[in-house]
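In the two assemblies presented below, subunit A is common to both, partnered first by subunit B and then by subunit C.
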Partner chain A sequence: MARTITYQQAITEALSQEMARDSTVIVMGEDVMGGSGAEGEMDAWGGPMGITKGLHSKFGDQIMDTPITESAFIGAAVGAAASGLRPVAELMFSDFLGVCFDQIYNQAAKFRYMFGGKSETPVVIRTMYGAGIRSAAQHGQSPYSIFTHVPGLKCVIPSTPYDAKGLLIQSIRDNDPVIFFEHKNLYQMEGEVPEEPYAIPFREASVVREGADVTIVTLGLMVHRSLEAAEKLAGDGIECEVIDLRTTSPLDDETILESVRATGRVVVVDEASPRCSVATDISALVAQHAFDALKAPVTMVTAPHTPVPFAGVLEDLYIPDAAKIEAAVRSVAGYTR
Partner chain B sequence: MTLSRDELLEAYRVMRTIREFEERLHTEFETGEIDGFVHLYAGEEACAAGVMAHLTVDDRIASTHRGHGHCIAKGVDVRGMMAEIYGRATGVCHGKGGSMHIADMDMGMMGANGIVGAGSPLICGAALAAKVLGTRNVAVAFVGDGASNQGTTLESLNLAVVWNLPAVFVVENNGYAEATSNKFSVGTDSIADRAASFGMPAVVVDGHDFFAVHEAAGEAIERARAGKGPSFIECQVNRYYGHFEGDAQTYRPPGEVEEVRANRDCLELFATQVTKSAGIDSAALGEIDRKVATLIEESVVAAKSDPVPSAEELLTDVYISY
Partner chain C sequence: MSDPQISMLIMPKWGMTMTEGRVVKWLVPEGANVAAGDEVLDVETEKIANAVEAPVTGVLRRHVAGEGQAVPVSGLLAIFADPAVTDAEVDAFVEGFLADFTPEDADAGAEAEGPAPESVQVADRSIRYLKLGEGGEPVLLIHGFGGDQNAWLFNHEFLSAGRTVYALDLPGHGGSSKDVGDGTVGVLAGVVAGFMDALELGAAHVVGHSLGGAVAAELALAEPGRVLSLTLVSSIGLGSEINGEFVNGFARGQRRGEIKPVLEVLFADPTLVTRRLVEDVLRYKRLDGVDEALATIAASMVADDGTQKVAIRDRLTDYPGSVLVIRGAHDQIVPPGHADGLPETVRTEIVDVAGHMPMMESPTEFNRLLLDFLP
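Take a look at the complex of A and B:
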């Protein structure tokens, strides 16, 4: 039965249900048990976002704190995944992926191929991304394109509580390494989520709004900014089809191309910086496979090519907003050769 | 720790197989038929054999770029290894790994590794799995003196202590990280001293001496199996060939390798000791030598004539390709 819970609660529920279903699902990360070795109340914190709060009381040793040692514990999660467990490692901020990158892109991603198919690495790395809380350059990036680039990794970027639960359950049950990106500004978003466990297959983009005039391809928090723009544009008779990618690898290219072939106009909206990004990747895909259908230039709305700034006025300018998306769509919709 | 006749002969077989495998690769590489990067383990055989004598197939190891010896000692099929190094479809990794990524998870061998120090965190994970699943298996990370300076190794030593993991870290200190001497690159006199400071037993042994390695590894692995936590062993050893095949070793003093080959060769030391004090006659060792020579010859002949991977193999063993 569905009821309304937050994105954050949906993630906690997915973890809890999977840990209950399968005792080889273990959770590890910094502060996830609430602070091992400290004299205060155990299990009351559950990491900085409180995602894992209460799991230690329910699941005991299935959850473990780590020192601040990302290379070692992400590598350990990878090694444990190759040795019979299904670890879910919480990497507090996705900016910290740089600290442990080798264990992800040279080790986890490549085992299956390098070892001739004789290895599976069912590890999930949950990590928080995105700008919008004044967390600045080293705690505010959206680095999913870096991981999308690497063969062997799967990249999951849920935009709603419903997707967060279903995609996390799928991530845990999947036999390949998954990087699961959670947006800081979505944790408090509410939505209908079934109580029972369910899995959403990868490579199934979601058409969150149908429309015949312009296709908006987007992901994560930007889905909501795009919907906001689409509502406004509809008032002026411009109907947008909004596609939420949900996974950037594997990518549901068919849904994108089908929509672009119908509308002939596309705007790609991405919170990350613009070079070698998901936005450029989608643009190239469309240019390569739907060139004949295009009635206007492929257009991107992205952050500028700068680190995430601290000052509120600058960060607000940095993040693509509904007004920028609306302007891009108007330009594409009104384009004539 | 007394070894039976069979155990001694098995240790000799393992070391001789590694030596023959590596000496043959050294010769074959010069013909230009082997592609890529090849790092030979000749001279260090006693380390792999001494440690692996205590492991079962379900125990796990992570290796280094210099991984052939660890594979052989862990029981990976020698023919399949040779085929892999020749890039054949019959290789243990279907020709997709090569020398530097040779692995066989079914044998508990989690891979040679092209990244220095990358195996240590993986072994923490394998040890964690053993602990969580209650298997009593252990996991052993082999690293070199070069990797002893990597953060991944130092972090893993701490994590293994913090989580009380059934892990053993074996540093094969052959004196050189690529071309750079450990006299320059290791800031302390002893790598083992560093490990001890993390709160685990750490010993230094002569890596040319099978019996010394075997005894130290036995204690460490028994301790890990008993749930008493990780240990560290520094094996001081020499490599007979360069960092990689083709390395002229200009950084080594003249005569260094010759001196070790003449006076501290692990196979010679082992043979002398077991014929003198364990009642094994040299004929028994000679019989092993002949069998190993045949195996290596057959492996090379087979590898050279085996098929290369089919074009379809390019896109398999990965979840999606575009």
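Take a look at the complex of A and C:
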């Protein structure tokens, strides 16, 4: 039976159900166990956002705290995955990818290929991303395109509590390395989530709103900004189809192209900076494979090509909002040659 | 508001969670004469699209809601009135209605008001059901393969006027336990009997759709005293052909692109399959244990050569009670011809504008047929 819980609770539930189902599923990271290693309430904090709180008292040795050394514990998780466990490692902020990138990019991503398909690396790296909580340039980025670029990695970016649970369970059961992106400003979002475990297959974009006029392709937090814009535009008779990518690797190109072939107009909305990004990738896909259908230029709404600002007013301007999306859709909808 | 010359058409409530519907298209222009039961407009909810029928015979005087407009449940859609009634009187009536009308609160509607599904323990399985109405001889509705109690969205509330009507989720379906045993109709009928025991239902009129029809028949044959009458809707077990591609496609499909075409085969009008319906089916199918449950049941329904494994036709006369068979003329899952040549004691009805789901696709006719049959 479904009931209403938050995105954060959905993630905790997915971890808990998979740890109960399969004792090879382990959780590791900074403070995930609670730091003190004590019982009960002293089972402390459970990561910076409390996502893993309570797992230590339930699962004991299936969860371990690590020192503040991403290169060591991400490397250990990759090695554990290559030798039979299913680790879920928490890389606190995705901005810290630089510290442990070799372990992900040149090791985990390559094993299956370099060992002739004989090796599997079922590791999940959960990580926070996104701007909007005044955490500035080193804690507010959205670097999913960097991982999407790497063959051998799977890249998952859930936008709702329902998707967060089902995609995390799929990530844990998947036999390849998965980077699982959690938006800081989605943790408190509520939604209907079944109590039972379930898995959402990768490469299955979600059509969260149907419309015949303009296709909006988006992901993560921007799904909600896009829906806000679409709602407003519908009042003026412009019907948007909103596609939530869910996974950027593998990418559900069929759903995108099918929609663009029907509408002929596309706006790509992405919170990341605009060069060599998911937004440019989708734009290129559409230009290559749906050129004949296009009635207007492919248009991107993204953050500017700058670091995430610390000043609140600037950060608010940096993040794409419904007004910017609405303006882009209007320009595309009204475009004539 | 009680002017005898003016009648209202209001937004119906299709299922417990519906709070509003959107007017897709008016099928009858203002000023036209309509007969009670004629389709007047198409309405779409987040779950399903369907036609709304005229409640009375008369002149449709006013489209109160425009195409594309969302109207809350019980909100005013149209006015029927005798030509003698002036336009000004129609205007005044509409104004009066709108001034007094308070839409049902969406949250209160889902939570505080009305009955919600419950669960009961039947041996080691939890079985979810929805009970509507009170009194009378109870009716039990059993959905088909891959469905759940929502299959009776357009019938359950209607039938519950003056009687108690239960709709359950079979094992492996909806909110019930996913353990289906060997997946045979016999096992499922045993669970239904256990469900009746758990709720202390001595006997009930049993209505089964598709797979649920064979389950109902199996129960009627095993325990005839507990089945007051038997209604078989698009039932399996009455002939050898079955659309195995549908059964296996539904059991195996994981993605929107695989499931949508499969669901479209259920209806005479494939446009009834909305995005939300597809999404609801996918959400059910993704739950742990559902694929195994459906595969097990599918294997007990369809033989390797594509014919039906379940046979109730020859045994139907062993059941002493009354039997009603309802089929959709455009059924693409189980051939409607399977209703031919049944014993004379069996009442047979064909619903013209329907595929495999006559209770959803032609609910008014379906409800009338069933009500006419039930005592």
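Keep in mind that, in the parts below, the second predicted complex is superposed on the first by the 330 of 337 C-alpha atoms of A that agree within 3 Å, B and C clash if a C-alpha of one lies under 4 Å from a C-alpha of the other, contacts with A are read in each partner's own complex, and residues count from 1 in each chain.
As a convention for this text, a contact is a pair of C-beta atoms (placed from the backbone, for glycine too) under 8 Å apart; a residue touches a chain by one contact, two chains touch by 3 or more.
Every value quoted in this text rests on a predicted model; they were computed, and no experiment measured them.
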item	value
Partner chain in contact with A:204 - subunit B first, subunit C second, else both or neither	second
Which of subunit B and subunit C A:236 touches, first, second, both or neither	neither
First (subunit B), second (subunit C), both or neither touched by A:152	first
First (subunit B), second (subunit C), both or neither touched by A:254	second
Contacts of A:66 with subunit B and subunit C, given as first, second, both or neither	first
Touching partner for A:24 - first (subunit B), second (subunit C), both, neither	first
Subunit A residues touched - subunit C or subunit B, whichever exceeds	B
Shared subunit A contacts, counted only where both subunit B and subunit C touch the same residue	none
Complex interface listing, subunit A residues touching subunit C	1, 162, 166, 194, 196-201, 204, 207, 210, 254-255
Subunit C residues touching subunit A - in the complex, by the definition given at the top	128, 175, 254-257, 275, 283, 286-289
Residue numbers on subunit B that touch subunit A, as the complex places them	60, 62, 91-97, 101, 103-106, 110-111, 113-115, 118, 120-126, 128-130, 132-133, 139, 151-152, 155-156, 158-159, 162-163, 316-322
For the subunit A and subunit B complex, residues of the former touching the latter	24, 26, 61, 64, 66-67, 69, 71-85, 87, 102-103, 106-107, 110-119, 151-152, 154, 176, 203, 249-251, 253
